[in-house]
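Lettered A, B and C in written order, each chain numbered from 1.
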């Protein structure tokens, strides 16, 4: 009969030092959202818009309009583009507070100041309880969320926990593009949470519907349904990106994306 | 659209042996098939022409190494009606209900006509899969009470568990009729996550369709995409280069590996073997990291497309990484098999008799744990499986422990397959030019980590997707699951559900 | 003064019975009964304070003068039996209107008269008559009020078992009377003499006899069916004054009529202790599975009575082992236990009648009664349920604590067997206390809680107030225990030669003979509790300023569920114990499935369940069968031939002649 306790102790420490050691070696090789080099773009070619299924890349006023909030990281645009305007990158730590930061802005704006909203957020800095709700995802986001409590990421060391009831929750973490049947339960859950409470849209489906949004059974994410405090695109966003986004919410990490531009 | 009466030679569902049947001879034909030892796999309907009656298609697996049998039946002009085959072939029960709700076809004599896919209170203006229905918004819906089998007895308590459950889980509601500890009747109420994925395929090019196929079930991306691509490739007569076949095999086995490792960890969670849970999930994480390092995607996405693969992969480092992981995996599985407290919770839990498994359409490790030794990789080889040696694990006990053992052996087999595939992989291109053929139809299949996945693809005049039928293994197995829960107890429920290892997203689509 | 009160009491009750029989409006009978109870309460209080006189009734039965005297214990038990009866008399119970109510009131009055006689009459013949009158009154109550359509069988079962008990009492009295030569109870006293095997036999006969009314095994089996055929008020009477009267008889019999020194007395005491504990365990286990207010409360009464019997046995055991102070403590504890029990049980029986008046049935089901009625009755019912579940600071907690403290004194006994017995008893009673807690959690939780129900009727104001008062009395008894316990001082002195109550209280604390070991103090708790509660109240009021309040529906997984449908059922609450203790319950669990086209398609499910009574099939049914067989055999005498009958009479006459002539 094996003694699991001794076995576990013998395995040693398996946890990644992320995010103290800020390097992408925590997810070696994993691709993120494509990087946009607007200067290289030949404005007559429309190769990328043709292959973009969710419509993240669009042409407006003769210029390319890029909305990372709709990007599912399928990399087709990076392969279709003849002039290396959109390249594969490891930019997956894409958590932002405001939706407009996911949209490529021509005029470069410096990162928005980290304003504390009514000062209560500091109380949750070291202890956050999350209620997750699956509003119609493909299970990829759930798989990455479930990975957060494995020994490699070990979310508990950061003081962040998943809780079984919305009554104990501070943050409502939504995945999926909100199907017709989950809309009611989603609002019930939100209603059941005591204030202060926040919402995080995890994955492109929750932000804008992603590849699965629209149709007779599916909405377009949380737009118009709940007030969102944090957006994290990705299909699915990997656990390190989720951790970075949660720490961003708690003011323990900085936002890396501003005006669609990825820093660092 | 070509009406059925004029079957153009060379058309028809590629990859199958097709028969056209009249509606009234469906029962007879199905009987003949069953007597010949075939097993029906699925049934679906589609509308070849907008405004015209639908065509219903039944798919059967006659025998290993023989083509699939396909029955095509055009419905009569006036009535969209067919006799229900469910009393005779129970596994068709859910398919017929799905056709009823999504295509508006009536099945005479169906014993369980309750809302399944579309919940009570959902009122689409017309059957959703009708090509004339182009929705610009979600259909109208009001939350309504469930239509449940009546349970009489003052003392019986009604417990609707879900759709939001404790822990990070997918949304589904399990309705229990129970008295304290003993469960009298269990009625899973799924399809909260019905996104209408089959409709989403309509009008896309096959290359774009692969992106949707990847996201039908997020943790079975490779299985679904391989099945989809094989379907369109069969339809358009596209021959994928050998290197691509081998690479697809490698990706499919990598997906099986991380899914099974996570399954073992999650099962330890339900039996509260904490260190076992941590170890299993850590091994799954390692496996996903290998995926990420190899392909850039932890879920092996953005690679497979009709015609082969998008880009080549460098497999040089892979065997080394697998060999580093292998002894840890084997040691872990060995320790699990020696932990009495863990095994105690699994042995005799959730017993699924062989007859039930066969009749209700169980598939994958669930089926193989109940004594039915079938595996699509062996019986109908696809990708490179025909050139690789493999064994099909089987158990006859049909309990949770048997399901675990089958999956453990599959892990071992996967590793063997991976090494032999990497060794035998030829050089050459990984993709060919893919040209869609108008009005083509094809069947593709893949044995995913949860069971058999089928895609039936119909292309339209422009060579775009007109109808894609997705048969996911979770859809088949969720039907079987309640039969292992009736008359058991609440303490075993979570373990039983974890031992099936299903997804809601795959079932609900 | 007291004698007058007692006379008034008896006369009022007899008058009420006749008034009811004669057909005058029920109000007069009710008034008579209530006034009689009030007189009795006043007399008891006076008697506890200054003692009660011996009254001679001026009648002679079988050469013995019939005398009436209420001892200390009798006064105490009568007081706590009459208080619930007083509250119940004016309230309408579940009886059908008109004649049924009057019949019930007749039965009520007769029962009270009988109980008075049992408690006070001092000679064997009149005692037996009073005992039978009490049983008769009880049967009359159930049969008369017509709550159930077929009360015949349960009542017959009850009466037959009670008759078995009565025969045992008769035998015991005959044996003792023949030994002492007189029917007068004052001549029965033999304390001090060494015990003989006869002592054991007599003790068992008394246990059997009085146990039939108290619910000692196997007699508790008539409780659920009989109580379940009557109304809550009937149950109140059965579990209050009648139970107390029976217990008084047992206590007096053991302590005043039987010697307590020697091996036989010790073994008799040990058997009584074990019988009490085992009966209590079986009774409370069965109570937990019940789904009807009356049946559950009836078995709980059996359990409480058996606990008292067990402690009584322990007291006798202590006496036999030469520890009079501990014996006195245990004896006092029994009486405290029954006092709290009568009050609390009465409250809950009144609540049961109220449940019936609102919902139309006595079933324990979540129908939101607490929510839809005034808080007044809820508080009273809560106090009573807390008391029976032995939660502080109620009277039941005080007596339960004392029970265990007195059993702990068993460590001082120097006889190993006695120590072991008491240790086992303590373990058994701990199990009983745990299941009792679960039982009353179920009764209050499943019986009174719930949501979203609309009732057209409500508890009547009188009933709510009555329940509140009785429940309040329970709390008052607990809080006033440091002073109330002294009322039993004279009784303790009379029986044991010392006043243990002096050592049971130390200021506002209650202590088990020594204030160095342990103490409780409901009196202090009742002050400290509300003061401490001010803290969260203050926090609540303070927080109202900073945060807005938002009322949201109950969380149930995301969909709004009908609260009525998902309410906890009685069986769901108790099924775990039923499964775990299957060897006691012998549960049958029957699920029928109706199929459609084969075993895969279920159309309908029908479920029912049952627990098997232990003694019914094992003991009573075979007995009944044997009796029936005997009756059939004897029925051969009913041949119908006149000559045969003449011959039999002739033979009998010859036999009597022979006896008269030759027997000296």
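Note that in this section a residue touches a chain if its C-beta (ideal position, glycine included) is under 8 Å from a C-beta of that chain, and two chains touch if they have at least 3 such contacts.
Predicted model only: the values in this text are computed from it and were never measured.
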*Looking only at C-beta pairs in contact, point me to the busier pair out of A-B and B-C.*
A-B
*What chain sits nearest the middle when you go by CA atom centres?*
B
*Between chain A and chain C, what is the gap in Å from one C-alpha centre to the other?*
67
*Where the CA atoms of chain A average out and where those of chain B average out, how many Å apart are those spots?*
28
*If you average the Cα atoms of chain B and of chain C to get two centres, how far apart are those centres in Å?*
64
*Mind pulling the chain A residues that touch 2 or more other chains?*
165, 184-185, 189
*For chain B, which residues are shared contacts with two or more other chains?*
143, 163-164, 171
*At least two other chains touched by the same residue of chain C: list those residues.*
557-560
_chain C partner contacts - residues on chain A that touch it in the complex_ = 165-167, 184-186, 188-189, 191-192, 194-195
_Could you list, by residue number, the parts of chain B that touch chain C in their complex?_
86-87, 90, 93, 111-112, 143, 145, 149-165, 171, 173, 177-182, 184-185, 356, 359-360, 483, 487
*asked:* Residue numbers of chain C touching chain B in their complex, please.
replied: 291, 363, 365, 556-562, 565-576, 578-579, 589, 591, 596-598, 600-609
*asked:* Quick check: in the complex, which residue numbers of chain B touch chain A?
replied: 119, 122, 124, 128, 133, 135, 138-139, 141, 143, 163-164, 166-171, 191-197, 199-200, 204, 207-208, 211-212, 215-219, 221, 262, 265-266, 273-276, 278-279, 281-282, 284-286, 288-289, 292-299, 301-302, 310-311, 335, 338-340, 503-506
*Write out the stretch or stretches of chain A touching chain B in their complex.*
1-2, 4-5, 7-8, 11, 14, 27-31, 51, 53, 72-76, 79, 88, 132-147, 149-153, 162, 164-165, 176-177, 179-185, 189, 210-212, 214-219, 235-236, 238
